[in-house]
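After this come two complexes, each holding chain A, first together with chain B and then together with chain C.
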Partner chain A sequence: FQMVVKLGKPTKKEKFLLLLALAGACCLAFIIRLFSVLRFETMIHEYDPYFNYRSTEMMVENGVFSFHNWFDEKSWYPLGRGVGSSVYPGLMWTAGSIYHFLRAFQFKVDVRQVCVFIGPIFSAFSVLATYALTWEVSKGNNGAALFASVFIALVPGYISRSVAGSYDNESIAIFCMILTFALWLRAIRTGSMAAATTAALAYLYMVAAWGGYIFITNLIPLHVLGLILTGRFTHRAYVAYSTYYVIGTLLSMQISFVNFKPTESADHMPALGIFGLIQLITFYNYLKPMVTSEGLRQIIVGGVLGSIGLVLGGAIVTGKIGALSGRLAFFFNSKGAIPIIASVAEHQGTSLAHYYYDLHLLLLLFPLGVYRCFTDLHEGTLFAMMYGITTLYFTRIMVRIVLVLAPAMCVLGGLALSGHYYAFLPNLSAPEEKETSTIEKKKKEIKKAAAEGGYPFKRELAAIAAFIPILVVGSFVSHSIYMAREHYSDPTIVLRAGNGKLYDDFREAYKWISENTEENAKVLSWWDYGYHLSSMANRTVFVDGNTWNNTHISRVGQILASDEKTSYEMMRELDVNYVLVIFGGKIGYPGDDINKFIWMIRIAGSTPTGAHITQKQYMTNYGEYRIDSRAPKKMRNSLMYKMCYHRFGQLMTHPRAPLGYDLSQNQEVGDKDIQFEHLEEAYTTENWIVRVYRVKPPANKFSGK
Partner chain B sequence: FCYRVMKLLLLLLAACAAADRVLVLVDNMSIRESHSIFFKSITDRGHSVIFKNADESSLQLIKFGELQFENLILFAPSADEFGGTITAAEIARFVDQGGNVLLAGAGSNVGAAVRDVAADNGFEFADQLIDHVNYDSVLDDGSHTTVVANGKSQLMEAPLIVGDRSKLAPILYSGGSLVASPNNRLRLDVFKAFSTAYSHDPSKPIKDYPSAVGRQAVLVSAVQARNNARLVLTASLHLFSNQFLSATVNKEGDKPTQSGNKALVDALAKWVLKETGVLRVKSVQHHKVGEKQPPREYTIMEEVDYKLEVEELKDKKWVPFSGKDVQLEFVRIDPFVRTTLNNKNGVLSTRFKLPDVYGVYKLLVDYRRVGYTHLLDVQQVSVRPLWHTQYERFIRSAFPYYASSFSMMSSLVVFSFVFLYHKSDPLVAHTKKTN
Partner chain C sequence: IVFFSLEMQLVQVLQKLFDDYVKTTSQRLKIIDAYMFYILLTGIVQFVYCVLVGTFPFNAFLAGFISTVASFILAACLRMQVNEENKDEFNGISPERAFADFLFAHAVLHLVVVNFLG
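Right, the complex of A and B next:
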């Protein structure tokens, strides 16, 4: 703690301790994310990571250029998907280079293993990046930086997206983001073009890695705007931003998915606007000493403002700046969003409990950190505050943003805690003036202290003050470990019941499909399972998690929501061979398709061809969503209902419940004798979680109907 | 895969055509004699015909999943029950596996077994067909049930099934009629009754509306299942009899002529036994213009050559198909290209440009013509967007922009020089002045 308190340049011994502590934090960050490997196996988790994994495998096999030009004919049948131009390739590049690097040194690793461990590895890097960022924010305060890096290693909000196996864009993007911020602050501090260029390079990596780069694109101009408004805009900031913006934008346009968006979409316009603004301000500052007349000055200002308005107006009228993109618009008007974006679980607002679970202690330290920033306001602290407060606002709308908020919380938490120790620790080591003091003397001292602006029992209070954070941080650590172990290590493709029982139905079904269906069979499922099917079952799918074509998803929704005859015609049109549904009624798995069905109906009804499908038709007269005998006919005739509950009426799910009792909906199924005309059951897994149906060819001859 | 199935199917068909076995089920063996002309023409064309009594206990159509016969002729109108394992359901399975069926009923006393088979395919037997206008004045016994039909107006325009109807002599018909279910969309009403005819029991007075009247009464119906198995149903066993085949037709007001029954039943038998109207794909090729092999994936806007070789079975030999109306479709849900294939001695080919839309397409030939087997060939191909190296490097219309960027770069360099060297001048002047 001596080291933590000490300001200025550390000695050699302290440097060594610092390095040791940092290395410890890195190891901690790595190790805490390995629970999933210990409890399950080295497997890829969730949904999107399967796509990333499949892409990485493709890239490693065929090279970077064929990945860049990859046209995936096995997804979005029959449209296909140009993956290379609709993906953020940073993750695959990273995993691919690690793989080739290790192979070059004769480490016989597997692509899957590299992918699984990307999350923990980059969390360790994040620890270092956070150290750098906090160091910049606090102008060289090693203590705050160290605290922040320990926090980032442990904060559950970050663990949630970076455990081993969670091979997703975010797992590296958070590192890129923190690094970009650190380098940006460095650029603004030094005012050097080289530093700004490194920030731009880090920005490129971020753009390559994740669609969330748009946050950086807007936060940094916001920071510059803040500097301007608070009168802290300097030449250093001018050089840093001009360099960063030009190089960063040019570099980001090299990513084929981003392409010309930085010059066209409204999401990127603030950055361009600020770039223009600082040119004008600098030009104005340059002119100011030369122009003496007050009137002329006003004309210049007026002319400048007028031209800005003209450019903006012209751009909007000609349609060069469109509306905000779907996900970003969602932040400002969550009610008007299209259902496909609203339906995603992680696009819901954050509950207070969730904040507590994901941030814990940092939630308390956050205001303290903001207070610390105010006490010492400069570029760095201004940035930290803006970062923290904007993300805090966005998390209220979208729970996913907690991930972006977490590093801000760590930085501010680090500042708060180190500020706390700066305030109290010097008192702890302050010499006690008189060992044998009488009560009167003590009283005198109190008065004296009060007169000096201090307070009595400095040492004792300091001891307590130094001790309390240790307790609190201790509880934070144990909370994080608990969260990492219990909540964030489940791979979701293997379900774990409360009693520890594992349900491996997903992989069972995908294996069955890959072994028992024709190689170019087309499997229809709701989009959640598209990546699984193409990666694990290696079959052609219609829709997947890359929700680029709303009409196509809506069409799949219409198939699932219509009656069998209508669906069959649509399925014939799309060459569907198999249909897969997820059913949780037997074991009480709440994330099944019956639960998601209401969203499928909404999405089905969101396009002109599906406009005849409305949510009301599938609800009872009282507006309830039911599956029992009170469910409306439309619901009970829908393909989804029939596929989920086929043969279910004869099944006993619970010894005290009637036959056909859905443990997920807690209702008895309404239709116990479901027959198909055009489909037949192909496979149902052990716990009925995955049910696969075969679409029969049209009857060979007259069948009486 | 589709291609493979097609091929298997065609191999099966080929096997059928080459040396196939015909099982004839009869009520009694006398039919063998009374219909010998018809059966002889079948055996003459190379089929091996096996006669069995309909109620023989050892009958079996499918054994260990294999067809025991390729064709089944049911000349047992009064059979209430088939022997052995044969039931209506078994016959349905037989058809689903590619077997062909010729079924003949009668005017009265149609057995339950035969009714079941007809009902399975969407037909019901109506009573005896009576026509008080068109009847044979010599053969008829006064009930006007020996009807004379005119091929030109009552037969369907389907040369492959009924032969050339314009050259057909009047046909003698005696039996019931069929009433078809309107839901059976695969059926072809090959032979319909004349509008003056109706179905009724001739021995009873007419109290109710007749069960079938006029052109609604079907005399011969043909069905081709989706697997190309063929069925011909008729309500008259007499149609095939020696008596009618060799009879002279005498109709009031017309000259007596030789009946056209022989020509009709031969055409029907040829069609149902898959001797005519059978097409097969011999080979299919598609590739970029100037290449030989199909690529793993096509790129948008490429020129593609497509070639399909189709053969037709004629007189037990596969000869090049001569149809000129076969079309190729390039389908991604909707057809993007639809073009008629050029037929050059059985080789159907075309050259077309891929659309400027990427996706997974099907090269689809879906040829359905009355009397022919369904010719279907599906080739799935992917059409990818351009590679990043395939775009135009320099676009002519963008030359002003290139010029502007180069002029910008060069003028920046010039400007920097001017700016840097220009600045020192007033400084020098200033020092000079003070001096």
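Right, the complex of A and C next:
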């Protein structure tokens, strides 16, 4: 049963069809991501994109150098944040360049429009990059490359992070990653230093774009190691990796955020290790024909290896090379993570249902693709397999890695589907079965066909085999459109209820804050909303989504978890003017602060000053987390509880429920009459989703009472 | 005594290695090897200086040191691609094309080094 593909050079007509199909795939990739722009306006989604948007605005107004030297005093008060050295600038550079390029041609676009559409534009580029990558992996199989590029245009796992409005690092980083991989495979195939240098330049773009670059930093050395172990380490691979590593690492250190990490952190050591290893292997191979004496050669080699080992061991022992960084350590020991890393929704494990929703048909084609890689094993297919399997392994720990898995699945799926067609389509022109009248003669023919190593009814089976994928891929397309339309096009900042009702409370509250509070007011909220407040309300915040300082976040958690008196002292210490909470009890919003409160308690208790706070104190004697009359005193006196349920006890949320019924917890609130001594309510939005409180200055000592 | 005789054998092997090298490698390759040896010396000098004087400013040290490492590597790659024994492996890359690649890689390398020197 032959699976080896025989390829020829494409004719002019085939080339034209190919170009047409690719252009169609690019348009498809762009259009499927536009649902949110049709339903809502061109706005930025979610949380992190607002920070990226604010940074891009800043860069476009004040120039690249002031962006790289920007110290932001309006976030992480009173610490401030050095943005220039703690951000991956690739996204801002890209959006800024597109903005200036369009402006140069007198297209007076707004920065926001550019930011919103970057996801769709770069997914169209990803289609082309995936074509290049699969072409390299399959050694020139245009059919496989085309299938893969259509898959990447539609795969829901990629749509989720590159939809219009999702202005986040991943929207360009996936393109950069696929491009780097394609250029890397080209460098190995040709063995040219120029190809390796272009791969290093693509790597620079990837490092500038996303923190996930560390995956490429380790996958490519792993690939080289795989080549060494399977005996495919040629001179071309040596040239490719040495040039790529040296130039690429030097380039990556130009990004301020990366700085000297490639020489210090353990995350980057495998790349250096493999680099050293290939130098030794190549030198050994060079010496081998020239030195005749066996034993002495071994001594020389052993001495060199031994001294390298000593140096490395010494470096690790004396602490020159640090331990794995927090995020990477999480991959290898997810149970031992600090609460702030464990609490992020994206860092949860992937459920099987999630795999299906994000990858659909590709889950079926993936094993077939891996099998095809094994039957035709060379540098490209070895790489595709390693990419797919390592990413698949890591998706078990963190759900956002499915985004990195999606291109691997597309490449392997393309190989699989193309192999399927190459196996069956030639049989369509097989000679017709001769019409025989007797059953015996037919049986003889079947036996003969089986003896020849084939199977009977070639033409009929080939026709069925060619038709079924059309149905299956059709279902994949409709599934992708469904996922894009229903699940991945929500801006998160505008809530959409099941019955289609829209809640724009977030923006209502931020606008109120920007218009009705003092210019230098400081707003305290949980870190999720920090970026929104900085960008839309334009006020100083204490903690935001960068989460670089766990102690500060823990302090905010302590403020929200303690009773009003203690919190007030801490708030005066930090100079808080306003406090903001998100409350979903009136409409049944499940992502509100009361739902997140248990994580706030855990994070508050994770530092020495907050060690007296344990989550047990906030739960009932039976270990339940409740907000009704059974909630313990500590819970009902906490600032978060009071702020959420102030005046809630008089509100009717459901005609058949008692007053003060929390629709997201499905319980009746315990304290119906909450009074504040040091805070006063400043603003509550229409659906009670955002509640803003003003911190009153301390009462005069002698007030006459 | 065993160790001493091993050392004598080592010296003999190295001597033979050097003689074979001088006889069998072509002029072209020897020029590249001499260039590589010079680069190696500059790298060693920089490293020793860093060990003696300290790593501040680290970016300047890294820029200089990685520049020598990269130049050494690129010269090694050029030597591989120019060597007639490897012609089947590098099909499509003539010695002229190899040298052009070498120049391109060096251009990118030195631009980055100058940027990193600070």
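One rule holds for everything that comes next: the second predicted complex is superposed on the first by the 675 of 705 C-alpha atoms of A that agree within 3 Å, B and C clash if a C-alpha of one lies under 4 Å from a C-alpha of the other, contacts with A are read in each partner's own complex, and residues count from 1 in each chain.
Everything that follows uses one rule, which is that contacts are C-beta pairs under 8 Å (C-beta built on N, C-alpha and C of every residue); 3 or more make two chains touch, one makes a residue touch a chain.
None of these values were measured; they are calculated from a predicted model.
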item: Side-by-side fit of chain B and chain C on chain A, or clash; value: clash
item: Of chain C and chain B, partner touching more chain A residues; value: C
item: Contacts of A:254 with chain B and chain C, given as first, second, both or neither; value: second
item: Contacts of A:77 with chain B and chain C, given as first, second, both or neither; value: first
item: Touching partner for A:573 - first (chain B), second (chain C), both, neither; value: first
item: A:548 touches, of chain B and chain C: first, second, both or neither?; value: neither
item: Which of chain B and chain C A:371 touches, first, second, both or neither; value: neither
item: Partner chain(s) touched by A:356 [first = chain B, second = chain C, both, neither]; value: neither
item: Stretch in clash, chain B with chain C, out of 169-177, 313-321 or 403-411; value: 403-411
item: Residues of chain A that lie at the interface with chain B and also at the interface with chain C; value: none
item: Complex contacts: residues of chain A adjacent to chain C; value: 190-197, 200-201, 234-236, 238-239, 242-243, 246-247, 249-251, 253-254, 260, 263, 282, 287, 290-291, 293, 296-297, 299-300
item: Partner chain A, residues of chain B touching it in the complex; value: 1, 92, 95-96, 120-122, 181, 183-184, 186-187, 223, 225-227, 229, 231, 297, 332-333, 358-361, 380, 382-385, 387-388
item: For the chain A and chain B complex, residues of the former touching the latter; value: 65, 68-69, 71, 73, 77-80, 82, 85, 256, 518-520, 540, 573-574, 697-702, 704-705
item: Touch list for chain C against partner chain A, complex; value: 6, 9-10, 13, 17, 20-21, 24, 58-59, 62-63, 66, 69-70, 73-74, 76-78, 80-81, 86, 89-90, 92-93, 97-98, 100-102, 104-105, 108-109, 112-113, 115-116
